[in-house]
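First chain A sits with chain B, and in the next complex the same chain sits with chain C.
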Partner chain A sequence: MVIRTELRRSAAPWAAVLIVGIAAVLLFAFSGPWWKGGGAWNREWTGLARWERNTLVLLWPFAVGVGALQGLRDHRSGMAELLTTTPRPRWRRTAQTAGAMAIAMAVGYLVIFAIGAVQVAGNASYFHWGWTPVLLVGMLSLIGAAWLGMGIACLVPSVLTPPLLAVGALAVAMVTRISPDGGSSLSGSVPDRIAWLSPVQDGPDEAFTSVTGSMNLAQGLWFLAIAVTGFLLLAATRVATKLLAVVPMLVGAAVALPLLPATAAQVQEVDQGAVALVCAEGTPRVCVTNVHKEFLETLVQPAREALALLAKVPGAPTSVEEATTGQPLYGRRPVVPGVVQIDFDDFDLASGERTTTDPDRLRRYLVAGVGTPTCYGRMEMDENYMSLRAASAVSAAALTGELKPLSGSSSAYFRNELETLARPAWESFRVLPAAEQIARLSAMRVAAETCRGGTLEILTNGVAR
Partner chain B sequence: MRWFVLYARSRGVPLALAAILLSTTAFWALATLDGAPDQALSVLVLVAGTAFAAAGLAGQDVALDRIAAIRWPPRRAAHVLAIAVVVGSALLFLQNWGDPLSPAGVVLRDTFGLTGLTALGAALCGGQYAWTFPIGWFAFSLGVPMDTEVLSQVAGWLWQPPGTPAATAAALVLGIGGTLVYAACGNRR
Partner chain C sequence: MKGDEHVIRAVNAAEVAPTTYAWEIRADGLRVKAGRRMAVDGVDLSLGAGVHGLLGPNGAGKTTLIRALATVLRPAGGELELLGASVGGRTEQRRLRRQIGYLPQDFGFYKRFTVREFIEYMAWLKEVSKKDIPAAVQRAIERIGLADRADDRMKTLSGGMIRRAGIAQAIVNDPQILLLDEPTAGLDPAQRLRFRELLRELGSDTCVVVSTHLVEDVAVACTDVMLMGEGKLVFRGTPAELEAAGGAGDAGDSPIERGYTALLARQQPDRGSW
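Take a look at the complex of A and B:
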């Protein structure tokens, strides 16, 4: 079998090994750009498939370059003319080389997935098959890239072809990489639709979203078209066939472009299976999302204690639910009346990588701000930010009886926040009569829920500025 | 003069030169498209230039080159330095228009280091594969953290601000070392 020889003697085995090596270095050795929260590559199935797509920023240009080097082989060996004397059609011979390369690409990509899957299998309690299109599209894009590289190198057998193709692919991959938060870095000058013909995607911050079907379908068709064009270029013997080889790629683009989502928001959709709430037995209501259901047992006890503490304040929430959206970069997620929302990726709960299981910190988080969410997005901070955090710390102290930092982080920044703002406020608040304390907490809760500001003044003076 | 023209032709210099000039112009245009210069592209433009010049570091046949009764080492070193001059000055020249992509010091340092790296690639793996060295280091350094650790400054020497001693040292070691190794050994078959 020629393909067995090709698998051993062509660039294919090296390509597979290098693909795994490059992706492993990206995923293990470097901390960014991935968020270490619930959407991390080693935590959930969707996160794994989507963050693996991010490694294509290097793998995709690599596949193009390796394909081009492989495609130059016939030219380099100077036996192209000799091979034309055999009666066997050219496509039969090139299919063996192309097949070996495709196998190498697929195996390399799947091995990275398997490395992640071993970790995910230990971490995730929510299993589903929704990630398969994302994985398959990524794999197809690698095969298409390698075949296109081989085809172009056969068409233009110059020693300059591989570096030209690799540099070009690298530049395209870098500038068109798609981020779910805001399109590509070319959004200003190139329509997002065109940028989305690139296979590189940034993964999710949280575990609640998946890539839309139309995005996967359009990209899948596009990369299939690229693969067909690459193979036709490789197999063609006549000039007319070589010219016709462009047609699949043009058709692919024409089909894919209208199918691709028009805005960045339409690239991903809520994964209904992941965000479905799983509730603990009994009352009061404590629910987490399906994707984090392993955390329910840890949460129930502190959550019910927190609700019992909150019950002292009129108007305070009466149930605990996990938030089903990530904390936005700007602004806050919608407030649900009567519900304390818990976000396992909140930096007060997960300052390192994993959500805390310390019941005291969970309870403090839930009663902070009398159950109201923060007013600030992940990227926001203004002059009221610290006073809101201090007010949250004081309200948590008022209900639990002890002033402690909200964050698990031991950084000087947060110690400072506690000592300079929260400590004096807490000293003046704790000596008030019980009824006055409850009245101020209730007023503070309304102010925090509506983001009016002045929350710390309400606790210390009874009125906002 | 005749020797020079024949040498340039046998090493594919005209084509490589055209590729370098075209890609430098294209990257420069792309990077200044949005107004704010993109740092990644400002380094990639130099990586691309040296990568395109890499193939010329190997002749038609090593054995054939060897039988020529000429002193190769100075000529090889001159070839490497000529690559650095062309790639660096192409960008420096274009930078006269619009916002400079990167300071002249960075262009000089990166070009010299990358050229030496390419020459090292030609000596170790042959002209055919020498281009993978600059591109490989560039791709690797995309993920190196930008901090003040000496190790990350050496690994990410391409990205450091001008006048960073560790980055300058890395570029000098690569540039001088690569040129010397290639001048002494020539390209691998």
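Take a look at the complex of A and C:
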């Protein structure tokens, strides 16, 4: 009865609404920071759970602030005297308010997940429960934040407490979020382990990884400890109890810190269920990861056509497999001999957000560079980049018989550069005798596979400069 | 308020059990501090059922005495027994507090709650058993005449209504001891008449202590009067005895006011006109 009243009359209902609102704005109205590929928040279950954690950068400070606002109610209402004369113990009374706030936090966080889940359910073919700890830890962090805010506001009942707490929490969330990444003046400002005491997490770039168990466990314990401290501060009637309230938080930190991963690489692990290969029946071999198995049907026909085209070139790959790692920021992913790797998030395939289903583009992608992967990471580009792109386009033209841009989404600049580099190369290449064409393609393949450079010259002159 | 439409209430065993104490409130040389000042300094009391008016000028120690009776303040000296139990012990205090109703002078409330929700909340805090709460709340709301506003938010009530809601929360647990600090402040004349009637009703089986500035409230509604001055009990008697203490020469517009000023002047001869 009392908790029902609290759910209606405390800050709980509008806090839940605002949590959903803030997160919805972050997820729908902004294009980043998430990669629009397979790791996007609305594509796969793990991606959803992890990107929702990213919205905590605003939700977590909000929860602290709104908790503090609620915690001020007894002080503001002037009921303190009357409340001290009632027989029911203070912790029983405050548990009702804290319970209402916890329900609001949990419901708000789950509603965001549900909004994402509706979309994910339509997109994802790979279902698993591996995302639940990520979701639960995020939910617990919000409850802990609200309770801590309530507790501190009871301790320091000033109108300034909620805004100061919220701004302070925002600063902590920002710094700990940015610190482990490179490329910022805040990079490395706190040790990585400390940074991982923050609930805010970056989502994945692709759909192949999950958060490690030790990370979830350590963070879960830590946020539980925060919640206990918050509640003790809220329920304490004696000064000694208030002082002792920090103990759970200290113990939580002491237990969590050694459990937290030492390096950023250990925060996530390969989701073996996601990367397991699913292959089409028959030959040649065409496989995609379990997480993208819905794409196999679209891929198998153009992939086999591409392999048939590649078969003309000696040494060319003889099967197609989906790459089980995302394209790195720097460097290339390892070459698998005899295999053309397909990356559905490659910008040659995923022009806007969705991987193309156009068989012509898929075929062209697979034969470009005679089945060799690019030598460049996502963040790399140098003076040889354009010539490699041009060589890839020409080699694709050589096998398909038609020169077309590789990418649907490249800028006009890229297309012009390609046109000025690739068009003349293609015109001189196409008039060569067939045997010479095959020989040059084969030589170009070897050069591209080893990233030696000079691929365009091999196609135009027969030898690298 | 329709007197013939009272909600019928079950009476539990504890209520019909014979009492083991002579007085609901008994104080012996009670001393209570307000901050560093000894605001109540040696008060002897023995109060049973009935309406006991507590009169006195500002700063006489009325509120401090009531706060001590409400278990907000601990006695600094002397003895205080409520319902036969000495005030102090923890478990005893919890049992005791179930039997007390208290309206503080500065009555605070949760503004967003409706009247009913607020009274329910207070009933729950006073450990009224869950099944009895709805009926107890309805009864309290009807007794103070707020039934038509029961589902309005507390913040929409006028000053007099808030005071009545304060009285409703004080009586919702059918207390053995009811402590009302300035309950009539903000009530209009008609409401005060109704309130006096309610006081007389409550006083038939409850020990009611009403602190007030309004001498005429005491004259009509109280079975006896206590007059406080400078932390001490100056006078204790019936309203008629208070009237008798005043003479034609004393300040005041009514016999009871003249009695009031006469008794205080006797205790504090050097006190000025304010």
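By definition in this document, the second predicted complex is superposed on the first by the 454 of 465 C-alpha atoms of A that agree within 3 Å, B and C clash if a C-alpha of one lies under 4 Å from a C-alpha of the other, contacts with A are read in each partner's own complex, and residues count from 1 in each chain.
The rule is simple: a residue touches a chain if its C-beta (ideal position, glycine included) is under 8 Å from a C-beta of that chain, and two chains touch if they have at least 3 such contacts.
Predicted model, so just to flag it, every value in this text is computed and none were measured.
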After superposition on the shared chain, which partner residues are touched by A:58: those of chain B (first), chain C (second), both, or neither? first
Residue contacts with chain A in the superposition, chain B compared against chain C: B
A:9 in the overlay: touching chain B, chain C, both, or neither? Say first, second, both or neither. second
Partner chain in contact with A:162 - chain B first, chain C second, else both or neither: first
Going by the contact rule set out at the top, does A:114 touch chain B (first), chain C (second), both, or neither? neither
Determine, under the contact definition given at the top, whether A:29 touches first (chain B), second (chain C), both, or neither. first
In the overlaid three-chain picture, which partner chain does A:247 touch, first (chain B) or second (chain C), both, or neither? neither
In the superposed arrangement, does A:175 touch chain B (first), chain C (second), both or neither? first
Chain B partner contacts - residues on chain A that touch it in the complex: 22, 25-26, 29-32, 57-58, 61-62, 65, 69, 76, 158-160, 162-164, 166-167, 170-171, 174-175, 185-186, 188-189
Where on chain C does chain A make contact in their complex? 67, 70-72, 93-98, 100, 102, 104, 106-113, 117, 120-122, 124-127, 130, 133, 169
Show which residues of chain A lie in contact with chain C when the two form their complex. 1-2, 5, 9-10, 73, 77-89, 93
Contacting residues of chain B [partner chain A, same complex]: 12, 15-16, 19, 23, 27, 30, 33-34, 38, 40-41, 44, 47-48, 51-52, 54-55, 127-129, 131-132, 135, 139-140, 142-145
